[in-house]
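Chain naming follows the written order as A, B, C and D, and within any one chain the residues start at number 1.
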């Protein structure tokens, strides 16, 4: 999941066309609309801050992506829905020309949400026609469709995290989902350490299924023996850090982080607020008491790193994480679970990693950088990933709002070290 | 019309209760809704920049004003519509407690526009009940109702100028009113000078009708003989100024203005853009060619002052303007005309001032300051005008979107010298 | 004394050439150097903030003024000292071309202070030559010399207030003058009110001596009867305001002022700091306990206005001040007294205004605006005053660091309402 | 060489006390004063921008380092020179308490440069006493002395680059060294590629001589076969990039870099300016024509990376650089050469890397991160390196102003990707 905005494909390494691409695409497109359904047109128009985008914009931009990179070049007779939309809904593709400034996306009361829904229907009709024509099975087109599908999945996650930021800034603290929920009664599961041997490992994507270009090429990395915590750091543990003066002790902090928490007066994770001495946090269910057993979320890299130093441990590298993740199934509390919030780790007696996929993205100590031999694709699609490889940190895993089929062991998410409006948390690591 | 935000009443000088206050109030309240009617709920949610407010916010704030200052204190049994609304819809009344930050008004996707319409209905019902009870005829309450009515009229104007700023920043350049219009065929009327004698004049409000506190007390001012242009400066004349390098010649400019036009790269009035060598301007009818015979609008005080220096003349003082205005009727191209844009001065053979009321507010060279003996009212209502009496300039007259019954010869509008999203223009003055 | 920077002449109204202009000029030029003498070259190089200028820059700029406006155009054979200096030492004269940015004046380690002293000697030699040639008696040249002399006097004051700002920001709190001084033992003199009758008064400069163009033309103003306090507001009284929550009570404040004190966290006049529960203030003698009987200084217009509202009184207009000042001699605690700090009002039994000249400049409620009929001079010299006539407030009187011969009853000093690094205080006024 | 400010030691791995530490220290301390000698006290007082520090501050801070970390804790009877100096001259050690804000270092006209020279003499006397006492041979003290020596060497480089930034912003473009120099007549040496085999390498410091903690622990890294250019990129090559629209072609740029060059309007390396169609650059010798055969310098990481993409190559990783550097001697055009500017690569017939040490620091594509197993030291000295390991890029080698004995193959310099006031350039790399 890319930031400052979004998502990005790869062009080389064409593979067999996946079966059921049309069905998957249809389902994915429909899901985006379903995610927007609980929101009024007004909710869909506004953005809480420049890093977030309006729901309506997500709905339109994902359609623009298919229109621009698939339908317009490949579907003969395709009619552009509205020539102004390229300006309105291009995210960051310099090759596609001028575009509306990102911080002003939330000012676009026009095109209306209804117009955007018509736009989606128009693009969907185009896609159906493309499938009907049989063209969608040509490798180049199939590849671009798959990129578009994955791109749309990224925006599904962003749609939810951006709405959380909007509702979190609203004095009424509205809920995206009205059902109330209870804080888990269970205690925090004791933390155990899982050991992994050192040596030469192959890192990166090498299987014949879709992956982004930034996961390639596969390459060898030497890693020392290491240990990983079997679960994520919890809200309860984070509160201990706070009570121990974690936010007041410079020794724990990177210099940039120490400056940031003073500049923005951070004293707790994002969306936390104290009410009558009890910490609450804004969730997709509205404001709710903090659940001590659930994983901490909405912390920046700076905070995650400071927490790890406070414990005397450290964050894992992205390589350590990927090595460890090879031992577990790609499953967990992701979007399909419907929970829409991080959940406590299940009690378990076997020494297995849990919460590797789902709940929260895990900050790593690895800066986002190209793998050896990486070259971005030619053309606009080459802007998808490569141009962000500076000053950001890699996060691994997936969150409670990541579409399940989007998660991969080699997946590299990335954000700036100060950003924290995503579901971001951490898992501790240590030398073996 | 106040800025940074809005509007403000007077408490002393109680007068006879005006006849038909209830009808006037009903009509005014209904007009506000009518003005919002062409706008979608999305349009009503957003603000283009911090000085502007969303339509929805205007609809709610004007209701909050009646709820807070009239219904809650005086209508027994009145039920507050929603206790959160005081936080959401207080504009700048420190005495009324904490409030939502002005630049973030456009993020309030909730309360919804529909909720706000219900709020209006609730307040209107309360007002009806107050009238039915006969209480509305008590002088103190009648006075506050009249303040509220005038306050609402100010927000009617702001609603339209704020929507213009929103649509002007939208890449689709939408129209508030769809009917197209043609640029006037007529030539600019030749400018003539009207002379006025010097001497001691009484300035300020002294009649037994409503006026804001900043128009009082009436007081004597000595004025030298002077001349005023019989009409406003036109777009055609402004283009001559531009062609003559007006924006590039420091000699015309105040130091602050010279800095501002470089900082923001101003080369023309607000909302002007060149298309294929022809100047267009954003209007409530969408983008249209500039009409050379119509009054220039959307210029800052800095620009108005520079233009006047370029001509070798000057801006009038607010006293000169008021003296001159006593010779003409309070009528012109205001909101009731339905034009919604400044119109060319009519050709005329008699030596009379035209365009004194309507078309555009006229910048004066007078800084906004208290009249001798002025004291703001006690309580929150005292924050209406007095606390803005610094660093702003007085504008006189009325604009094409000012409700007709709101205009007065003694009316003092005020904005900061750099502000130009209102319908602001100028009339030249000179020594006699 | 002008801001953003400095000083400005008039070109019309040539008068008899003043006797002893050469002696006065010589004395004035020498005094500037004397004022700089206690400072190291390092002290003379730096500026504490963008509004202030380095001592060295003042020394050079005042010389540049004579070189540019007198010697270069009128002294035949005059050799420009260094062609780079026009770029370095032009303050704000657009007509004189590009110039070094004001906030970066403090980065000019070159030209060195020694170079600047040579520059001064070179210009002084040129001036001596001009006097020797007899040319200095030609009215136009004599006028420009007198402007230059007055200009230099303004910079003498600025030199001292700017050094105070530099030393006030230095953690060592150095003293410009090493002699210690004791806080006055005397109590604050009780405040008495002096009454003045209303009517038509002539305001502005009309005598055959030098004055700036902004003091002209003389014109009639109608004034209501009024009262003025017989002395300035004191530090002791200001502390009462502070103890009474003056800085926490929005009712006293202009909206812009209320915003400013929160933005910059102002809780007391500039240069005040509390040490072990006792208020101290930075002076030209270093840090010293606040003297309760001395006039409060280094308050902004916002603070002066808030204080006046707290007392239920108001600030005088500049017209009231000028009318009142006609009753007293132009004398007081100014630069020649050598005190270099505001002193308590003397005890007195007769009902006379005191402290009208000297101690601190007095904020008025008058915005800085052109007098009726005012036109700035042609050419660069016309930039001296006129282009600052917007958004600033007039101050009247003189301060403890104003050269005595620079003070006049018609003198109009002006600063932005938030500025307070000058010796600025206030005197209360009221309706009669 | 650290940024935001300076320098940082290691505490573990105590080694045999180096012979001649006292002589080295004496020589180093004296050199710092020699480097400051051509500068006036005024030059030594000012800082051109927040990242740079005044010469005087460097002189004092390096002395404060010895006073605080060596003399005060270990030399019995040592008298603190001035208790205010800890506030004035602490750079970024949170553990040492409050300190003067970095951007305001250039306002400290006091303590004077003369005071700072006395401070240095006082500290030098303390160090001599420590050596005389024999204590300096205790491992812990010897280690801290060596840290202090290396720290001072870093500030020698910064002193020169900071002065360059000051003189580069001065309209007189003064020279640090007055001797003029001629642009080399020679052509750019043709670029050749040197190949290196892949495999497992040990990276980091493992020899029994001093190194900073960020070079440890030594650890194994797997590297693919690669090639390095045998010399640095030259000014002539950079001008080709400029002529080819390098600064206008988004495809070459990281997203953050593309934003930065537009925000700051970068069209060439820092200190470059065009005069009559010829590119000049500010050097320690003043303004001089750009030498096409000399290495390009004062480019940011963003620019270096964009240049590499334009050529179709890439920047090396810091590991590749260190592997390659093992084949060459630690020698080159560094401070001792006295050139004080980057020089063209010498013509050579053998296939050897040149310019590895000296001329300019070389940007790598490696983000600055802890080596596996790295732990910062306890106490203030632990703030030296570790807290900057985020969002910065590693540079390797040394520059024309790095003290020769300071250079090491394992040395890791680091700056933010936008910073370019150091002597920073690049060398191309490629896959084998």
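Please note the rule applied: a residue touches a chain if its C-beta (ideal position, glycine included) is under 8 Å from a C-beta of that chain, and two chains touch if they have at least 3 such contacts.
Given the structure is predicted, the values throughout are model-derived calculations rather than measurements.
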Completion exercise
A correct list of chains touching both chain A and chain B reads none
Fill in the blank from the handout: Chain centres computed over CA atoms; the one at greatest distance from chain B is chain D
Fill in the blank from the handout: Rounded to the nearest Å, the gap separating the Cα centres of chain B and chain C is 38
Completion exercise
CA centroids of chain C and chain D: separation to the nearest Å works out as 47
Problem - Cα-centroid distance, chain A relative to chain C, in whole angstrom - result: 59
Exercise for the section: Treating touching as the only link between chains, describe the layout with one word: line, ring, star, complete or other. Expected result: ring
Handout entry: Touching chain combinations (by label order)
Key = A-B, A-D, B-C, C-D
Practice task
Could you pull out which chain A residues touch chain D in their complex?
Solution key: 4, 92, 94-95, 200, 219-224, 250-251, 253-258, 301-302, 305, 317, 365-367, 369-370, 372-373, 382, 387-391, 393, 417, 431
Handout entry: Touching residues (chain side chain A, partner chain B) in the complex
Key = 40-43, 45-46, 48, 84, 87-88, 100, 104, 106-113, 166, 169-172, 174
